[in-house]
Amino acid sequence: MTDLSRRLRVAVAGATGYIGIQCVELLAAHPHVEITRLLARSGAQRRFREVVPGSAVDLPLEAGLDPGAVDVVLAALPHTVAASHAAQWLAVGAAVIDMSADFRLRDAAVYERWYGVEHPAPALCEEAVYALPELNGEALCTADLIAAPGCYATAALLAVKPAVAAGLVEPDIIVDAKSGVSGSGRSPSLGNLFGEVNESLKAYAVEGHRHKAELQQELEAVANAAVRLTFVPHLAPMTRGLLATAYLRPRPGVGHDDLRAVYEELCNAHPCLRLSDGPPPTKSVAGTNLAALHVGWQDGTAVVTCALDNLLKGAGGQGIQALNIRFGFAETAGLPLRCSWP
Amino acid sequence: MTDLSRRLRVAVAGATGYIGIQCVELLAAHPHVEITRLLARSGAQRRFREVVPGSAVDLPLEAGLDPGAVDVVLAALPHTVAASHAAQWLAVGAAVIDMSADFRLRDAAVYERWYGVEHPAPALCEEAVYALPELNGEALCTADLIAAPGCYATAALLAVKPAVAAGLVEPDIIVDAKSGVSGSGRSPSLGNLFGEVNESLKAYAVEGHRHKAELQQELEAVANAAVRLTFVPHLAPMTRGLLATAYLRPRPGVGHDDLRAVYEELCNAHPCLRLSDGPPPTKSVAGTNLAALHVGWQDGTAVVTCALDNLLKGAGGQGIQALNIRFGFAETAGLPLRCSWP
Amino acid sequence: MTDLSRRLRVAVAGATGYIGIQCVELLAAHPHVEITRLLARSGAQRRFREVVPGSAVDLPLEAGLDPGAVDVVLAALPHTVAASHAAQWLAVGAAVIDMSADFRLRDAAVYERWYGVEHPAPALCEEAVYALPELNGEALCTADLIAAPGCYATAALLAVKPAVAAGLVEPDIIVDAKSGVSGSGRSPSLGNLFGEVNESLKAYAVEGHRHKAELQQELEAVANAAVRLTFVPHLAPMTRGLLATAYLRPRPGVGHDDLRAVYEELCNAHPCLRLSDGPPPTKSVAGTNLAALHVGWQDGTAVVTCALDNLLKGAGGQGIQALNIRFGFAETAGLPLRCSWP
Amino acid sequence: MTDLSRRLRVAVAGATGYIGIQCVELLAAHPHVEITRLLARSGAQRRFREVVPGSAVDLPLEAGLDPGAVDVVLAALPHTVAASHAAQWLAVGAAVIDMSADFRLRDAAVYERWYGVEHPAPALCEEAVYALPELNGEALCTADLIAAPGCYATAALLAVKPAVAAGLVEPDIIVDAKSGVSGSGRSPSLGNLFGEVNESLKAYAVEGHRHKAELQQELEAVANAAVRLTFVPHLAPMTRGLLATAYLRPRPGVGHDDLRAVYEELCNAHPCLRLSDGPPPTKSVAGTNLAALHVGWQDGTAVVTCALDNLLKGAGGQGIQALNIRFGFAETAGLPLRCSWP
């Protein structure tokens, strides 16, 4: 049980990437949290507000990965970095909420196959809890090592897993996902230059994207069977926003209403989900920690779309939602839920 | 046989919509064509260059739909309008190349079901030739009433039909398509306002889009069987560009190379097709009459993507390509084939 | 003095335009306010959340302009409409905060010259208080008819008026302003279509823009002299955001530090102003009610830039800031002040 | 006199930056030119079409800066690089058209002040011809070392210099310029990431931009007096396009018509200039080598706007236009002059 009389001390590791920035801004306004340390190799010797336009957060950036005395480390680091430090963070009594891929796969061998590196802490993989709050909520409450799924996995799982778990669809699934450019991070590369991606849209990783591994893991856990999944990500010319379009083949006798009922129940039970009357535009949830779901139907095929803000519900917001649940705060404490159109 | 010693006289009907504008600009630079009349209800009493920024075409816009003495009417009109006038255009000896949906469906009853209006000229439906030049080229050479497919159908058919025609895939197909905003035309409406669509992406017509009818018609013609097609269009925040991502289930024994060979042969045979080494970004073909194809493979599912410029290869450029073929000009006469990155 | 024990009853007139939407979303989360009625001709018979993507505000839209029993009418209507109704709104005891141009000009004859219509309520023009809170704050506290300046005027006045009022610059001023497309409203027209404005930037109203009149009025009030102002607005391809770049000629003996000190003092005194270390990007204040100012200096010419969110500090947010001041709430109650990059 | 019976041999140095790419694509379709060598450190060992999406140019990229046997070196390199190699290129008989800043300033000391490095070839500075074809055309015809002005200088000089040269305006000038992001090149940096610049606009280099030096040099050459110039560049969220808005104070007795007549005559005399009826949107010249000019007038101040495509008329297109003039080809040979809206 958390002592609510004092603020939770949180360090953010990787504070100057897009996900880290999002975490810092949310935590700075969080009612139950105090940011104690911002760790960021690239920004060291400067203050947060000097490297983040528009920010009012006036804290120093530190180079190392020593979080000091904290209750939680919120990590938004390149893969392998959090895994290399998690054990020592846990050893000093901090809970770890990792937003990289390091602890999402229970099987370190699968990690090594997809990421092409040895896992720095294979023993921790089994201990970690995969934390998509609406689908894995209970396990979160007592976990010390939490792996928050990323934007693609969050949208795809919210679109697909409820139907699979309810046994309503065949385990033969196609997910066509479209992400805004901020999903590729704040490190400059040809692939996220304005001139290269504006006024353009493309598929990538057609032969198999890294996040497919965790999708398969999570779906097979509820399908109790092999799941054939085709997952193709696309890059769209926008900063924030992600849409997953899932194509599901209903089992014999399953109708549109049966399927819709499952998602309706889920959305009613969770404050960050919305069931949408029509296919949701990503901008309708941009700037919020909401995921909007729509259950469509075309000549016997179910078309479920899930829209979210890749940096919020698909990353930093989700991490804080997990923190809220883990420490007994209101699930949406400090999380924006209102879109402001346009 | 066309007399190449004089320029072909072409009237453009619907000259001030985005497709019409594209046609006019291309025809104005076409080596074998003379624009004789520009018909546009909305712009009447003005000159083309007054209503189209950047244009150097200084011809008057006329209100009616009388093309005068012409060899060809190129029509970019709302549906039902071309169908209402085609008979009289044909009667005065003009060939008609229609870029609306009016003559794409061979069965007027299907048209009426999808468009909710009576077909103005059902007798002409059977006479019309569906003109995706790379897939229906021969029929074009002698046709007088040509229905040019639109952007969604062009991309989807180029991605899917070669595999279906070759008998390499199951007739159970998913096409997830993403279009730029210019596809919705130049008539102002809430749905194409900058503030509504910028920084956003959404699915629409999930329950069934009008262009699905012609896709089904064209695929079933080569499948010799019922085709189960799921087609979902999306709106992406860019002006030009369309990407179709097709998910195909290979028949037993069919491998990636078998499939790739079919598309390679097609691309080698046609000057407006390119087989791409990786999934093509839409901007790599923007401003050109090219369609770029890529044949991917993910754990036994084929993922074929087709990128094109929705106003060129997906509309006006295709109409002129059809004109070139019909009148014996070089297939790419007057058509831009070079992208200029970025 | 306002009775803080009950919520202020506010009706929004023109609730479904971009400014109206912004007001409604802010008021719905405002700690001291209750929305009592949403008036919107275009949306009548529907509920707010049905016409505004992503909104959770589930109130009906009503067609007329009768606000019922309210403390305040917040009006975001086309010009002449608020002026036609203000007298009756005031008569039933409501304060009126108008975000149109109707009550910004003290002289109805000037209004008629620029807007080309008779002013519907010339007698009220003198009574109205021009409400840019940081520059006209005191007058607001007791006003019943408040004219909130729009985006161009707010940015230009914040950039220019402090220097003019301090007597530091010559009354010969150039303001080059750049606005996002949402400034032109949510009514569809060729000028705000995605295809027309994306990937483009242009000047407009070069011969003289309507908002020049109020700029001249407000500047001359503090200059005690004629002010020669050249004001050119530009349309930029973004949804939100406005930047005014002001070119000021310092009086003899006035240096960069003298000028900077004036703006620094102003920014320190007002919670919605920020003095920026470098020229502020508009996105650094997007989604907030902040205006960011920078005082530059190039070879003896002062270059003052002001960035703001045209729908917040340049419209709806400003209206609510005025409401807060008028009714004795904290000036920033219900107003977002944190940017979330990117 | 150029021997038109054989193609001119041209090497492009810096072929894989945005300006270099533009040159290569234009030259590949140029009727009188043969590309003999593509030099590009970053792309070495690859072929052009492998590093440029959508390109059909299948030539190898070479690492060094040895152009081989050529008639012309077209250089699009970072500053100091062309200056370090120009002497040896000239020595083997090649003409050099440089699109960097290296040879734009006649006085090497001024170069060193603005660029903070020693000029590698100060002796060549005086020999070089500054080549904005419409303003310095004659000198071009015999020059061997040609410095093509960049996007900001081209737009600003076309907007301002005709009026200064005609003696119609005071030598006290403000130019507010707005550029698309491709102007900052293809090398990845935080400043040209999609996430940093999309949906945003900002001023930069307010204290004085490098290109101010050449503007001052070129204006003072025709003013025969000191020119007070304030030049502020802005970054706008678009790939291509640049707009310069110039504020000019007419001399006593000079009216709008006097000024307009000067620009009209200039535009009539040059095939790449257009006098526009209203302020030109940048997109109306995007993809072309045109500059569109508009002469506005606001209460006695002249407002001249110039729109161009920063990679064409503001860079690579201009270089080829200079090449055409230098070698006696038609001035617009190989240059696109038609915009295709939208």
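As written, the chain order gives the labels A, B, C and D, with residue 1 at the start of each chain.
Going forward, a residue touches a chain if its C-beta (ideal position, glycine included) is under 8 Å from a C-beta of that chain, and two chains touch if they have at least 3 such contacts.
From a predicted model like this one, the values you see are computed outputs, not experimental measurements.
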Chain hops separating chain D from chain B, counting only touching neighbours: 1
Check: interface with higher C-beta contact count, A-D vs C-D, is C-D
Return the chain whose centre of C-alpha atoms lies at maximal distance from the corresponding centre of chain D. A
Chain A to chain C: how many Å between their CA centres? 37
Geometric centre distance via CA averages, chain D-chain A, whole Å: 45
What whole-number Å value describes the gap between the mean CA coordinates of chain C and chain D? 39
Identify all positions of chain D at which a residue touches two or more other chains, and write them in rising order. 18, 53, 182, 186, 195-199, 237-240, 280-281, 283-284, 342
Show me the residue ranges of chain A that touch chain B in the complex, using the header's touch definition. 174, 176, 178, 180, 195-204, 206-208, 228, 230-232, 234, 236-241, 243, 245, 247, 278-284, 286, 294, 296-301, 303, 305, 307, 342
Complex interface listing, chain A residues touching chain D: 18, 53, 181-182, 186, 188-190, 192-199, 237-239
Would you pull the chain A residues touching chain C in the complex into a rising list? 18, 21-22, 25-26, 28-29, 52-56, 182, 186, 198-199, 239-240, 280-281, 283-285, 287-288, 292, 337-342
